[in-house]
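Below, each structure is written out as structure tokens.
One chain, chain A, appears in both complexes that follow, with chain B as partner in the first and chain C in the second.
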Partner chain A sequence: MKIVLAGNSVRTGLIKSFFENEGFEVLLAGTPKEAKASSDGYPVIIVGSSVIPGFLIDDGYAQRVIAGLEPKAPAVMLLDRETETPSFIWDLVLKRAVGIAAGKRHVYVLARSVRTEFPGLERSYSKARAHGVTFIKYEKVSVVQNDAVSAVMIDDGVMTLEIETPLLVDCAYTEDRSVLEYAEALRLHTYDGGLINADRWFLSPGRTSRRGVYYIDAGLAMSAQLEKILLSIADEIRLMAEMDVGPAAKIDPRKCAFCYTCFRLCPHGALYPDDSAVSMSVRHNYCSGCGICVSACPANAIELTERSEASGKRQTDHSKGTVAFCCENSAAIAARTVLPDNCVNVIPIPCGGSIRASQIAAALREYERVIVAVCNDGACKHFDGNKLASRQVERIREELASINIDPQRIMYIQLSHAMPNVMHNMVDNERNRAL
Partner chain B sequence: MIVAERKPLNDIIQMVRPYKKLLIAACGTCVTVCMAGGEKEALELSSLLGLADGLEDKEIIVRTIQRQCDREFILESDEDIRAADAVISMGCGAGVQFIAELYPSKRIIPALNTKFIGVNRDVGYWTEMCQGCGNCLLDRTAGICPVSRCSKSIFNGPCGGSSGGRCEIDPDLECAWQLIYERLKVQDRLDTLTETIPPRDWSSNRDGGPRRVRKSSVSPEVGK
Partner chain C sequence: MKSEHGDPMKNVLIIGGGLAGCTAARTLSGFDIPSVILESSPSLGGKVRQFGCKSGSSCSQCGVCAAGNLWDEVERDENITILLDSSLIDLRKEACGFSAYIKSGSDFIEKSFSDIVLANGFLDYASNAKTALDMDRSESILTGMDLERALYRRTASELFAEPPKKVAYVLCFGSRSVKEKANYCSRVCCGYSTRSAKVIRHYYPECEITFFYMDMQTTNALSAFMQDMNEPGIRFIRCRPARITVNGNDPEIIYEDSGVLARETFDKVILCGGIHPNSDNVTLSDLTGLRVDENGFLEYVKPPEKTHVYLAGCVSGPKSIRETVAEARDVGLRIAQISEQDGILA
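Now for the complex of A and B:
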């Protein structure tokens, strides 16, 4: 099985031999252009060499530093100072904090927000608390350095606190910016001008916005942490090769106008101009089946292979006055607890971005009201699907207003899967309207 | 590419009101790409017309004609066109006219306003680049067309209304002559600007009447 290792880290050699030992054939791509050229069909692993404070990853160094301190002096680990600390750094921080606390030294962990989305992180918190590590949430922080002692002033908006410490660890993480060039060549989404979503809440470390493209920070060195990530990537690549990756976009080449709209809008880079064909093609390993391309294609040339069957089976229930197109990642889950005798016909859609204006307009012919229920901002698994849905709704509302139809017949709501109350309220409202 | 945009829904509704069986003919080329008259837009128009007051009982079908500016593609939908009381063409002005010409007794309704020949700047955003004036002088103006991109189509610009790189007609527009100046500067060809572009013969433009192009190697006959 072939994989591509992209990037120019000093650790590339180590990672290469790891994957070779795991039975992969490793192709190296030293430039973004090479990475792009060789990415077609093969899984790609981008290797960055970001800088992580040595105190967190080098045990020997950390022990020497701690050994040189006064016995009673507390240690302070400062997170989120400039930018939000990624969860894998949290993991390192907690392990180190436990190590220091075990040596009968008090440890403060200062952060703006606590991260939990990393395998085993919850357990690490419990362990740290059991060892007496103090967690303090702050809003503002300032540090005054006096010879060997740092005075850390923190403010949580209610009160201020000053901690003096001979050991202040700024857990700032400096990322490898060259990685962004690879991300751009492979058309990955980036966040806040930073790391390739390695820290996006719904993604585990190693993942990027693209299935089949991974990101490893070799700054982690060949630690057990890195090995764990590499192993999980290797497992996933093997698994992906075996399984059918689910609903995928299918393009009708006779209809495709080769307009590049899908290429530009696909959040997963799954659509690409196939030189050998006369239309766009789909990389099935990248396609997440969100249906954004289906909604965007002006030639109506794309459909989702599995979903289209499912939608055929769906019954329109005319006895209900309202239909709700619910994103299956949020609203459709929240709607599961809605009683079956409700007056709303719930139709799950793969993503808010998949909704088509014609679908909404057609539904208005059968139902009095149409609800488009999608994910909250920032929570869309496909990045901007909820915003695309909002724009479709706005456009159809304008069209309706122009022909004197009440635009409020279309409702747009955002919610998370854990907000069934929003669905319940909505259903109650619809029932009251119907009465 | 020819760029168009759909007419306001109300205008289309007024035109289709008298007819029962309607065929919406999408066009699969330029207007598909500019998201105005492709199959997606046609299906949307069909759904919207069905919502309009008094139009609920219309029988509407949608067909996509690959290129409404080529006879063979139109004839592929011959049966459906004949069966319809009226055809709503979502092609550009050329497409509408060509269907009308092939079916002289049929009412052909234009659904689009044809705008210009332009380029795609961003998803869903197009700008005018060419007016088809028939005598290209882009070589002298560093690849920026003063005929289509200067509001006044000035040949020896800029005019006095150019300010801060913007056009006095619309401050959202960049002054074409400012752009020409900047690009000639990059190319180290600023001396080009000292040569006056003489008044031209506009008969190659619309001013000479409707234009025809004949490729003699494949269409040697004279006439018609």
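Now for the complex of A and C:
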């Protein structure tokens, strides 16, 4: 099985040998262009390389530095100076602090907050304390750096303290921004000004917005977490090759107008212009079956296999008066929990973005009211599906207003499965209003 | 992928029908490996099923959605047998696997299993402590679980029956404390307190919120989020409150502020309770041969592939939803992979 390692990290070699041991054939891609070219056929793993202070990760270097110091002078590790220090750096800091303290040298660890959320850190703290490492929480810090000795002034709001030290280690960690070029080339969705994987619950571990494209920060290479992440990625790649693809987009080449609308809108980068024919094609490994392309295609050339039949052609009871199109990731679960069977026709849809104007229009002909219930902002598994749905609803409301039909017959709400009463209340209020 | 992986020799006993147990069962079912879930309460889902959504105006990535449809999927799954109101009475190691003696309702069942997954979760410290400390007579003192239920039951306009004006969060309640025999971080209460505080502010923008904290664990997912918390009306006080009492109807917190003792009354006090080890852990350790660590959680003595006893979720220490799901899937995959290897050897 082949995979592609992209990015220029110093630890690419280490990760390469890990995957080779796991039985993969590893290709390397050193530029975004190469990564893009290989991404068509194989899973891609982007390796970023955030910078960790060499003193913390290189034992030899650290020992040389310490050996050159005058005996008994204290060492100071300064954390959280400008930005907050991530927990896994604490792991390195504590190990190094214990190492220095074991050589009969006093160590101060200065931080705004003590991190405890990383597994195993508590044991490292007790070990460091047993070795005589001093921990101080500060609120303000100022540093005067000279050639030989630095003066660190700290203030915790009640007391101030000045420490003079020949060894001041700033434990700041710099994030690797160069991976963003890869992200752009591979058309990955980014969050909050350039985070590839901002801890979205559906994007862990190491997953990105595209199936088959992964992102690892090799800054983690020293921590025990990295191997776990690599193992789970290896498992997932193997599984993906074996699994049936499930519901996916299917394009009718006779209808396709080659207009690139689906290419632009697909959040997973699954649709691409096929040079050999005059039709778009689907990368089945990447398609999540959200149906956003189905609703966007102006030529009605795309349909979903499997799932569309289950949801679209469902028998519904028109006497109920209300129909609810519910995203199956959130609203459909909430509706199953709280709505009694006999008040609303619930139609599950794979994503809010898959709802078509024609579907709503058809529903308006048969029902008194139409509810479109989708995920909260930021919770959509397909990134912008809820916003697409909201725009679709706005457009139809405008249309309705222009032909003198009450636009409030279409209702739009955002919710998650864990707040079902919001759904229940809306239906209740509507019914009371109708009575 | 059906039948390719199916291994007639495999039959997994999962103790605990919460998030970890159900996730492991679903992962195994993907490989056609049958499993039995043993749940002591009358319904599946454990604590996570009571968790509410922590999105205010937008999603805060709390991870509850990872559970979404899981309970229905487990109930529908033909590979999974669910035994509610059940408990494990005895477990015997046999030449090939285990023989388990199970009490299910009023029946007793004896059955053989090849692997055991322990996913019996954690003890919610705050709920127990609240009763013990005689705080439960005040409805204004909520535990983390109470708050979760309120979040679950919320409507579009209402979170609490009465709009609160002053809310206090007490973090690390029963964790990082030698006195409570919990000398470790619960690793979730920073997350849920800051996230739910945003929901409270979303419903009641005027509400003042005070955090009594030791250290905010905000670096990874929460750091960008925490910057938004830096707004008027939100106070962070670094101290552990000396006492929480009830003054008339309202809860009162006595705490140290810059060396001076201060008293303050709040409309609502939320105790962000620690994750404590389950009381079953000692019994399970005796039955399975795993070790109880210094905090009361279970830990492996030998690699689980050798003993065929696996741990998933908070049974081995505090974990977030995301970590629990990842670990439970990992356990499922490991059992499935071993079954593949066995198949090749046979």
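Some observations on this one:
Keep this in mind: the second predicted complex is superposed on the first by the 298 of 435 C-alpha atoms of A that agree within 3 Å, B and C clash if a C-alpha of one lies under 4 Å from a C-alpha of the other, contacts with A are read in each partner's own complex, and residues count from 1 in each chain.
One rule holds in what follows: a residue touches a chain if its C-beta (ideal position, glycine included) is under 8 Å from a C-beta of that chain, and two chains touch if they have at least 3 such contacts.
Since the model is a prediction, treat every value here as computed from it, not as a measurement.
With both structures placed on the common chain, the touch criterion links A:S17 to neither chain B nor chain C.
By the touch criterion defined above, A:K255 lies against chain B but remains apart from chain C after alignment on the C-alpha atoms of chain A. Using the contact criterion defined above for the overlaid structures, shared-chain residue A:T85 touches chain C, although it does not reach chain B. When the shared chain is aligned, no partner comes close enough to touch A:Q63: not chain B, not chain C. Of the two partner chains placed by the overlay, only chain C lies in contact with A:N329; chain B stays clear of it.
After overlaying the two complexes on the shared chain, residue contacts for A:A418 are found with chain C alone; chain B is out of touch.
In the superposition on chain A, A:R264 contacts chain B only, with no contact to chain C. By the touch criterion defined above, A:R115 reaches chain C but does not reach chain B. Those residues of chain B that touch chain A in the shared complex are 8-10, 13, 28-29, 32-35, 38-41, 43-44, 46-48, 50-53, 64, 120, 123.
The touching residues of chain A, counted against chain B in their complex, run 255, 257, 259-261, 264-265, 296-301, 356-358, 361-362, 364-365, 399-400, 402-405. Interface residues of chain A, counted against chain C in their complex, comprise 84-87, 113-117, 119, 121-122, 137, 157-158, 192, 198-202, 204-205, 228, 231-232, 235, 242-244, 328-330, 333, 336, 375-379, 413, 415-422, 425-426. Listing the residues of chain C that touch chain A in their complex gives 1, 51-53, 55, 57-66, 68-69, 72, 151-156, 176, 183-185, 187, 190, 214-221, 223-224, 238, 258-259, 317, 321-322, 326, 329-330, 333.
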